[in-house]
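After this come two complexes, each holding chain A, first together with chain B and then together with chain C.
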Partner chain A sequence: MAVLRSIGRRLWQRLLASLPALFGVAVFTFLLMRVLPGDPAVFFASGPNAGQEEIEQIRREMGLDKPIPVQLVNYLADLAQGNLGRSMSTGQPVAADLERRLPASLELTLCALILALSLALPLGILAALRPNSLIDHGVRLLCTLGVCMPTFVSGLLLIFAFYYLLGWAPDPTGRLDVFVSTPPEVTGFLLVDAALVGDWEAWIAAASQLWLPAATMALFVLAPLARMTRASMLAVLTSDFIRTGEALGLSRRRVVLVYALRNALLPVITIMGIVFSTMLGANVLVEKVFSWPGVASYALDALLASDYAPVQGFVLLMAMIFVMVNLVIDVLYGLADPRVTVG
Partner chain B sequence: MHLTRRDLFATTAGAALAAAGTPALAQSRAETLRQVTGNAINTLDLTMPGSTRESFGLAMHTYDRLVAFGRKPVPGGFVFDHTNIRGELAESFTVSPDGLKITLKLRRNAKFHDGSPVTAADVKWSLDRHVTANSLAKSQLQISSYTSPDQFAVLDPMTIEVRLPKPDRRALMNLCVPYCIIINSTLAKKHATADDPWAQNWMKENTAGSGAYTVESFKPGEQVVLRRNDNWTQGVDGKLPYFRRIISQTVPEAATRANLIERGDADLSIDLLASDIPALQQRGRVKVFGTPIANGFTHIAMNTRMAPFDNVKVRQAIAAALPYEDMFQASIFGRGARLYGGDWTELPPTADFPIPMPQHTNLAKAKQLLTEAGFPNGFNTTFALSASQAAANEPVGALLKEALAKIGITVEIQKLPDAQFNTFQAEKRMPMFIDGATAWLPETDYYLKLYFTRDQRWNFSAFNNTEVNELTEAAQYELDQAKYAEMCRKMVGILGREVPEIFLWQPNHEAVMTPKIEGYTYQYYRQIDFRDLYRS
Partner chain C sequence: MSATLRHAGYVLRGNPVTLVAGFGASLLIVLAIFGPSLVPHDPVASNVPNALLPPSARYWFGTDQLGRDVFSRVIAATRLDLLIAASAVSLSFAAGATIGAFCGYVGGQLDRWVGRLVDVLMAFPLFVLAMAMVAAFGNQVENIVIATAVINLPFYIRFARAEVNVRRNIGWVEAARASGNSHAQVVLRFLLPNILPAMAVQISLNLGWAILNAAGLSFLGLGVRPPTPEWGILVAEGARFITTGKWWLVTFPGLALMLAVLCFNLLGDGLRDILDPRMRT
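Moving on to the complex of A and B:
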């Protein structure tokens, strides 16, 4: 109970402490967008005959006709009420767009991370147990291949092989086959929503859309996870307590999986947090290649159009997710190693 | 044999249904058209500032207009024909001999999607909205002398009269354009507020039309699903469209779009990469309909008010230095119509525009013109292109840089993000750049007025020629075809002499579809007209 209470207090303190950082991010992004040389009003007023009058009107609609300090104050006031503004590219409120698209990105990223971990941990452990063996070299090769190939290349290759040539994967167009009806939205995670209502046809459809992009992303992040597991396992396996355990006649399996792995996990968890946050923002190429309706491709489109509100909303969202992920990582630390208290 | 998961679903479901005696599902795929596009529809009301071209395409299906352009056959498909106008919501229309009145009689059986009849009151409200509310329709209607609600009169519940201050060549044509939607005024008024008397906020997310299709689902940036309106009678000969459902899906990656169509999972796309088209055609698994964008042109604009391009000889020198044929092949693989190499000098042979202009590659002449202009040793300048058009325009830039270096001009190529490119273009801050242009009403005087007169955004070269200014003002109201043609030839002659822009080509509009899709029409708003399509 006391442990939980201390975790709760710690969480609360950390959340409070992150507020100034979030404020800074909001202001900084706001200013950064205004420094960009493109004028979104001109960009969006590009219909035939759209003249100065239309440009002015869009400027008014976006609040760009006021001086920048006034715009900033208005923006912060809107933010305080949870209003992130309206996207010109989709015509929808940014908050609604992000709410609709975030589950898509999260579902993809989480699945990719789980896939990557389920491969990286065993591979890393195997490589550490037999350093410089054939297995170790094989793992090294796989990791190098994964990390040196940009995701859009591996994504397009996988599509070419599994969709175009073999026909094993469905067409890479979003989260669900267009001819399958969408399960009622509860969490926004299609796998969860479909399972909740027992719509297994939709579940299979969603899963089959998911595996190819998830594999693409997993391949890319395999390297940091597997290499970190290997390195930290190697360090732990040579330490005194392992030798003691072996000397005491504990089984190899118990020594490796319980004593060594648990101690080796701390750095892996750290890397995992970083990898997850990076994946969420940086998977824009995967989202583009697979027409995945996620937040990253949304933000990129908005950035190219100098559509201020969605970009600001996206950066703020990412900052918040970073804060949350770091919190979760801290809690995981505590579980992996009770000696650690991060305050 | 490839067996995809969808085939599996289709066969098992088909088998199950066939057993029950209804082969409906297999049919429904045949009667569904799946379009894949790299762009997105951002509003259901296309007259809202900021609406995308895809939104125009959508509104052509959800709303009807009073009148519509016809189409004419070309090899492999059809092209719009603005000289052949038919009634859409109007059963018949007459233009008075003096050109000051257009009387339109509405179809008796035309109904809005909610079942209420289309009346002259709805037409009046819609046209009033277009000339009054702050929308894109307002400036569009101004180009044909529509400025005030007083010009639209209800004669009886089924007849509307449109009055003009001057006979205007574009008056009838302009009622055909995408913006001139006829709205269910009873429905829209229910959602109007004191601040928003024209229900503009409501119409962004809802439709109130009578068009061939209704919106079944609308996820901006992902997909839009349209369902056929089975009560639609406004088509040619009252025929219903073939497809019951249209799925328009956003697929950002062009290579993926091409894969989808080659595999037969999607039916149609009009925005594939120009460089992929020859290969697709060669493999022969898809049908490609390519036709030059008849109502547009790709051009290199030079700022006629910025030194050294304010000197006509400099512009002529550059026009003489460019390797047109190499550019045509490198940029669009020769898929389009050339707008250079015209064999006329003073006046063009016809009143049409765009036509091949008298621009020929002649380095000696270029060098001489440059010397006469006072730049025997050339000068330094920049050449800008927008990032989204880089695939086609970067090769042009490279060839231009190489060619101009031969006459001493050093060119720095600037590839700019689109928002920045558009801003610089509107502010006339770029000395030289490449871009495309289209006009909804492909009338010579309209091109000239839109792209070569006044201080406004689309006057790319900031051109100001007294004669062109006067001629565009007069030609619009000239009903005598012979006199009009004379004016047009004069204006195009001036463009050939003054070279405010170097005309390059009309690139192809390439529609790539599965082999069984028929009836494709190239429309002037460069979107798909689903109403004409069918599966053979």
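Moving on to the complex of A and C:
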């Protein structure tokens, strides 16, 4: 209980500490909009031939005739009410668009993270248990190459191998085959929604669309995770308490997987924050390659169409997710290492 | 000097990978300078009857949908890709090292705030930031360079700050001060040259990252426009044909990208062994 309360207090402190960063991002996106070429009022006017008078009126309605500081305050007030503006290309409020498309991105990113961890941890542990063995060199080679491989290239090569050559993956466009009926939306995560109503046909269809992009992204972050696991396992395995455990006659499995791993996980959890934020960036590329209907491809389409409100909303959303991920990591940290919370 | 060379020779003998990476990087630079005049075909001239041919003796890497020779395009692209990455890295090195060195030298409140800002920036999805900047400043090559430079900036600031911080109270810095140099002179003429070798490692590692970022941005359609040969765009153009099995359009520019990044990364690791014995792994 004391541990939970202490974690709660730390969370609250961290949340407060992250407010300035969020505020900074909001101001940054506002300034970004102000330096953009082009007049939003002209975009919103009824047509290319709209009169000067009409443009002036729209500008007044949008508050663009006020001085910049006033506009900034208005913008922040809008943000506080969850109003991110309206997308010119879809005609919908940006907040609604983002909300509809966010589950697709999150489902992809989380699956990729789970996949990467479930590969990186065993590989890192095996490499650390037998330094300079064949498996250690193999892992090192994989890491070195993984860092150099651009996500968009590895994604396309995976498509070539598994869709074109082997036929193991379906047509790499979107989240669900057009002939499969979408399960009723509860969470927006197709895998969860399909499982909830017991529609296993849809579940398999969604999973078969998901695994290739998820594997692409997992490959991209495998290297830092495996490398960190190996390094921290190596350090932990030489400590005294491991030797004591072995001297007490504990099984090798118990020593490695329980005592060593729990201690070795701390640095891995720490870099998971950075890994997650690079994944958010890589999302843009992966969603583009696989025509994945997520927030990143939405922002990209808007960006290429000079429609800036969605881009702003996207950057803000990324900042928010990023703050939340760091909070989650804080909790994990407290759970993995009681010392953090006691102190 | 000869001691450094001897040490470099010693490290290289034990680590042939660095030597190979060094050759690779030199080859890339040679291709960047002379590539466009060495290629067998015109990289932008289309030749529609020969469209989408697989690799052959005549077209080593095959041809694209307009019949352009992929090999020539991949080689010709080296110049632009390296130019973007090199200008971005030198910009961010110049700015980042100066800011970081001053912060490390001055210390105190300024240093703490800059440090915190850098930490926040480093953890933010930097690729997203780069996208937003290209959107704001306009869709041009120069802005790709600026965006890539800005997202590299935190790494240089942090690095220079830490390196200067440990040297700030060393005897020769005090001597430089005592012999009448201003603070700015101490930083620019004594401290910065002193941390340069360590920064060289960072530059090499960063070049690889900058190449990946710039290619990623142009893959998305930001910055460089077709028909300019550039690795990211070559991959983007080939992406449309991957589901019909035209693998050579994506594989060869992708391989070029990967090899370039690999060379600079390995070179950085090797340089670290040569220049900075403290960080040897």
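Definition applied: the second predicted complex is superposed on the first by the 302 of 343 C-alpha atoms of A that agree within 3 Å, B and C clash if a C-alpha of one lies under 4 Å from a C-alpha of the other, contacts with A are read in each partner's own complex, and residues count from 1 in each chain.
As a working rule, contacts are C-beta pairs under 8 Å (C-beta built on N, C-alpha and C of every residue); 3 or more make two chains touch, one makes a residue touch a chain.
Every value quoted in this text rests on a predicted model; they were computed, and no experiment measured them.
Participant: With the two complexes superposed on chain A, say which partner A:156 touches: chain B (first), chain C (second), both, or neither.
Facilitator: The answer is both, since A:156 touches chain B and chain C.
Participant: So in the superposed three-chain picture, is A:326 touching just chain B, just chain C, both, or none of them (first/second/both/neither)?
Facilitator: In the superposition, A:326 contacts chain C only.
Participant: Should A:172 be classified as contacting the first partner (chain B), the second (chain C), both, or neither?
Facilitator: So A:172 meets both chain B and chain C here.
Participant: Who does A:220 touch here: chain B (first), chain C (second), both, or neither?
Facilitator: Once the two structures are laid over each other on A, A:220 reaches no partner at all.
Participant: Given the touch rule stated above, what does A:75 touch, chain B (first), chain C (second), both, or neither?
Facilitator: neither
Participant: May I ask you to decide whether A:145 touches chain B, chain C, both, or neither, giving the answer as first, second, both or neither?
Facilitator: second
Participant: Just chain B (first), just chain C (second), both, or neither: which does A:208 touch?
Facilitator: After superposing on A, A:208 lies in contact with chain B but is clear of chain C.
Participant: Identify the partner contact of A:289: answer first if only chain B is touched, second if only chain C is, both if each is, neither if none is.
Facilitator: Both: A:289 reaches chain B and chain C.
Participant: Would you check which partner chain A:32 touches, where first means chain B only, second means chain C only, and both and neither mean what they say?
Facilitator: Second partner only, chain C.
Participant: Just to be sure I follow: which residues of chain A are touched by chain B in one complex and then by chain C in the other one?
Facilitator: Of chain A, residues 36-37, 156, 159-160, 163-164, 171-172, 288-289, 304 contact chain B in one complex and chain C in the other.
Participant: Mind pulling up the chain B residues that touch chain A in the complex?
Facilitator: 2-6, 9, 29, 32, 34, 36, 40, 42-43, 48-51, 53, 56, 134, 136, 139-140, 143, 204, 219-223, 247, 249-253, 255-256, 259-260, 262-263, 265-266, 387-388, 417-423, 425-426, 438-440, 450, 456-457
Participant: Inside the complex, what are the residues of chain A that reach chain B?
Facilitator: Touch list, chain A to chain B: 36-40, 42-55, 57-58, 61, 88-92, 97, 100, 156, 159-160, 163-164, 166-167, 170-174, 177-179, 208, 288-291, 293, 297-298, 301, 304-306.
Participant: Quick check on the complex: what are the chain C residues that touch chain A?
Facilitator: My answer: residues 120, 122-129, 131-133, 135-138, 208, 212, 215-216, 219-222, 232, 235-236, 238-239, 242-245, 247, 250-251, 254, 257-259, 261-262, 265-266.
Participant: Which residues of chain A touch chain C in their complex?
Facilitator: Those residues of chain A that touch chain C are 21, 24-25, 29, 32-33, 35-37, 144-145, 147-153, 156-157, 159-160, 163-165, 171-172, 273-274, 277-278, 280-282, 284-285, 288-289, 299-300, 303-304, 308, 311, 314-315, 318-319, 322, 326.
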